[in-house]
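Listed below are the structures to be examined.
One chain, chain A, links the two complexes that follow: it is found with chain B in the first and with chain C in the second.
For the complex of A and B:
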């Protein structure tokens, strides 16, 4: 019983990270229809940038995170303006945009490895507490991860509901053509969602940096888990992406109850496979 | 010299991977990212069977190919229901799962260390242990694979794949089974990748997970994009360039780790640049057709094939009490309609009245919530669209749904029923019959195009047609299905008087030759001119049905319609 509770706690913590990555990716995908594979390497790049600001320049953690978020926003918007927009404007099939985003993914991921090397970059002396909830052990990082996710998710929902840009974003997510007809500047909406989505990925990158540090392969798994969270939850639904991410974390974690650790991602992807067969449009969107 | 041969062997293997991947990506338009996984399954199956179970090499290779094809078909299952981006994530997951299994199932796969000591291939008393000797086999296999897949690509089956890529609904509306198309394309592509994998295993006598990472899939994808999506020869050229390029770069003196990273970054950059400036690749997709010399050019050469069981006025297609609800929205609230042979029936009514819904229900594109559909008295309610086309009911779409990046001629050719070349066994075992039928079909397609006035544009891309020409091509494509019941969704709207004057007689002639014709139209003058019967729909039901003149005298209807 204790083991299960412990696994659930781990699952919720990891799931919060996946859900956080998922809502950022899902916001971009759901609104623009672009599978932004470079979301992963942008996430990784901001982790590296934060590490560099802290380790090399000695900036305080929060300042570094702020700068990392700004960096991610700029990077995300630039990838839209330089890579995606010209292709979308030309009316390229979505296949072309997808391959271009894969190309961008490869360029950034490999450039990061060239610049920063392939060893993991960790923060030297970052202390966090260990807490006991009954018999369950959780670290401060795990708790922070859950709190950060909840805060970001609530802020994003409030923004989409009440913010100036929120209703425009929701309109574009619902129906691009209709949004255009009623005079919404879809280009600006795209820029805004690329900025917000990338900022969210940078917040997740700060989590990562504290927990295990930045390394070259984190980008692929970030975008991959985010993508799965979105698809499992239902494209176009922020709540869906959040639920999808949490579910992924829980399944992965509880799978370890009976199976060795190395199989955890395999289990998670098998679950995805089954969900896709059973309900191809995701859990939250029945159409 | 061995080094040089080795590079050529790798070129052969990548040529196999790139051509087979191009079948799924380029021809079928299914964006899968699991090709390296199939490559791996082929390699590991033969490696495990030969080293652990002593299975003879060629038997093990064959088992690997068949097994991989089966797994490929299973991977395609989610793709049957959803397309596009969902397929990407599912195949990506498959790729990750396969690599996880290779890494973690130590007992079976040797884990991260892989499997070594895989036996060499022995042929004609010679052990193929040197690159030079292996090159002969690799080249023969690669050539055979290339020509086999090329034969497929130019066949009616390949044409149907490309049509599916262009428009999945439209390809069903001309009687193709998209489920079968996708499954076969996936299985074939996966099985072919396994051929390359099993060759690799016996060539270097060693397999490990590193050789089959997602980077391999992306490398092969880069070959296709560079060479030309949908062009198999282009894929081979792409493989050649991208296999040779890093070998040339080796002469630059770079540290080993950095060189790999730079090469990968370069592939990514190359993808972006190509897609930006030459998205069709070095060799754009092009499928040439030779038109028969001296094909009849006299107008009116086209005759519909005679129907055996026509008697004008008999009911052919009928829908009874058809209901359709989407959640809370009622799209059809009890549609009753009977279409009769030899008559043109017009459907009129305001937008949202349920006219297109009626078409979708009658042709299987929507399944009715309740109600029955019969064709000559036999129920066809639950049949899928392509089966309904085979039964003799075909429809067109209001938004045309042409196969835009295919020629005008191909748009018509796809639609012919009972093509021998739709089946793989005919393509490979009866190529003569397939070719003979193809020649006959081309001649007939040209007659149809002559009939609608598009003969001159036969070899141009459908994308370049004017709106009126597009509408004519839709009719030509519908005629090619040789269906006895033809449902046309707004075939006349937006046509200029000249084209209208050309289309109206076509519609009348179809009816005169015993076809059952039903069309959706808003222009009452046109209805009066071309229809024998008109049905007025509103609120998801047929309110009145009768002769157009009588219908238009009904002041209540007129008022409802015009306001």
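For the complex of A and C:
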């Protein structure tokens, strides 16, 4: 019984991180239709920048996180303006944009290794407490991960529902042509979603930096889990991406209760296949 | 000679040249290949291994090379264990660099290139991989690193010596991880110890909460920590975060593991591993240590030492084979020279000797991490059970 409770606690925590990544990635994908694989390296680069601000410049953690978020926003917008927008304007097929995204992924990931070196970057002496709920152990970082996800999800939800830009984003997500007809500047909307989505990835990167440290290959897992969360939840549905991420975390963790843990990486694909076969448009019937 | 015979000879020569690697009988430079982990999740190994190899290359070239011919190192990247990249790299080393002597690393890539080594008669020396599946595939493949069985035996014996009976183990899902877990089961069974949990994770995973939760639920007395850097440190960090105070015996530990785990969590971790430490009666080791320290500002680990040693072995084999004359710059002649005298000066001190299975016998050290530093506790005699 203790084991399944521990796995459940871990699953909720990990699922929160996947959900956070999912809503950022999903916002970009659902609004612009661009499979932004470079979302992963932007996530990784944000972690490296935050680490550098703390380790090299001695900045306080929260200040470094704010600056990391600003960096991610700028980096994300730049990737749209320099790589994706020119291709979209020329009417390039979606697979061309996908290949460009993969190319950007490789360039950024390797650049990080060249600039920062290949060793893991950690925050020494960063303590966050350990709490026991009966026999279940929960760390301060795990609790923070869940709370941060809830805060970001609620904030984003409110923004999309009540904000002017939020309405514009929802309109473009629903029907980009109609949105243009009614006078919405879809280019500006794309820039805004790339900025917001990248900021969300930076918040997730801060979680990672505190938990495990940054390394050059973390970007792959970030975009991998984000992509699965979005597809499982339904493209175009932020709520779906959140549910997809949480579900992924829970299944990945509790699914190992009786299975050998070497199957853990496979379980994510199994979840994806089952959902795609059962509900191809995702759990919440996204676009 | 008739025109027909002449044309047939030319044709035969051409076909032979296309089929067999065209190693020059007396090359301008001896190109030694190396297939290392230069990128991906574990580039630390490629960095230190290449450093060790390059120090040996530079040292030999500074004294005029091997009988006047310089050495050159050609590095290919297997991207932290990608076997396809390793095979592609091996093929490039054979066809482009035309190197009949290659240093390999990691178990998976070494296993993957073993059939090529056999088919193309390429001399391979592995200083990093530990899988038993590397043994017996190619007659031209050798190893100057302790095997998984050696390390597992040392760690399990150590656990027994400390009075523990319930063992949990954790490893990456890889050729190496599978080997060491299987070897531990065998040794534990012979010693009457119980493996209460054996968990594995993807080799580049950063989230191992599930695995550690299952280790904890098994309530072991000791944990055998088989991952390599930096996941060895990640395991210790997670284990301690989950309130587990059981002793940990790792297979390796570097400064990066201490960084990831934190100094407090690292203290007391024991490491059963090959161990390089220069002593005053080991001129070769001292030379290597001083040069490495001067170039890189840090102490070399045994991986760096193994690849320094690997280059020295290849250079010595070239000398021996060349003395006998003929077409000597090929894997078959280098292997023949090795078996004529399998003893070589070792960077660890004294001489090392290759056994019939191609593995150089080395003793395993038990070290303890104290304030981020590895301190030698004792050596364990080399054994496989």
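Basically, the second predicted complex is superposed on the first by the 285 of 287 C-alpha atoms of A that agree within 3 Å, B and C clash if a C-alpha of one lies under 4 Å from a C-alpha of the other, contacts with A are read in each partner's own complex, and residues count from 1 in each chain.
The definition used in the following text is that a contact is a pair of C-beta atoms (placed from the backbone, for glycine too) under 8 Å apart; a residue touches a chain by one contact, two chains touch by 3 or more.
Keep in mind that this is a model prediction, so the values were computed, not measured.
Q: A:94 in the overlay: touching chain B, chain C, both, or neither? Say first, second, both or neither.
A: After superposition on chain A, A:94 lies in contact with chain B alone.
Q: Given the touch rule stated above, what does A:113 touch, chain B (first), chain C (second), both, or neither?
A: In the superposition, A:113 contacts both chain B and chain C.
Q: Could you say whether A:265 touches chain B, chain C, both of them, or neither, answering first, second, both or neither?
A: After superposing on A, A:265 lies in contact with both chain B and chain C.
Q: Is A:3 in contact with chain B, with chain C, with both, or with neither (first, second, both, neither)?
A: second
Q: Touching A:178, do we find chain B (first), chain C (second), both, or neither?
A: In the superposition, A:178 touches no partner, neither chain B nor chain C.
Q: Considering only touches as defined above, state whether A:130 meets chain B (first), chain C (second), both or neither.
A: Second partner only.
Q: Is A:218 touching the first partner chain B, the second partner chain C, both, or neither of them?
A: second
Q: For chain A, which residues belong to both interfaces, chain B and chain C?
A: 110, 113, 118, 220, 260, 262, 265
Q: Within their complex, state which residues of chain C touch chain A.
A: Within the complex, chain C touches chain A at residues 39-41, 43-44, 47, 173, 199-202, 204-207, 209-211, 213-214, 216-217, 230, 234, 237, 241-243, 256, 259-260, 262-263.
Q: Of all residues in chain B, which touch chain A in the complex?
A: 25, 29, 31, 77-78, 81-82, 84-86, 88-90, 92-94, 96-97, 100-101, 103-104, 214, 218, 221, 225, 257-258, 261-262, 264-265, 267-272, 275-276, 279
Q: Would you pull the chain A residues touching chain C in the complex into a rising list?
A: 2-3, 6-7, 10, 13-14, 110, 113, 118-120, 122, 124-125, 130, 132, 137, 139, 208, 212-213, 215-218, 220-221, 252-253, 256, 260-262, 264-265
Q: Show which residues of chain A lie in contact with chain B when the two form their complex.
A: Against chain B, chain A makes touches at 29, 35, 83, 86-87, 92, 94-96, 98-100, 102-111, 113-114, 118, 220, 224, 227-228, 231, 235, 260, 262-263, 265-266, 269-270, 272-273, 276-277, 280-281.
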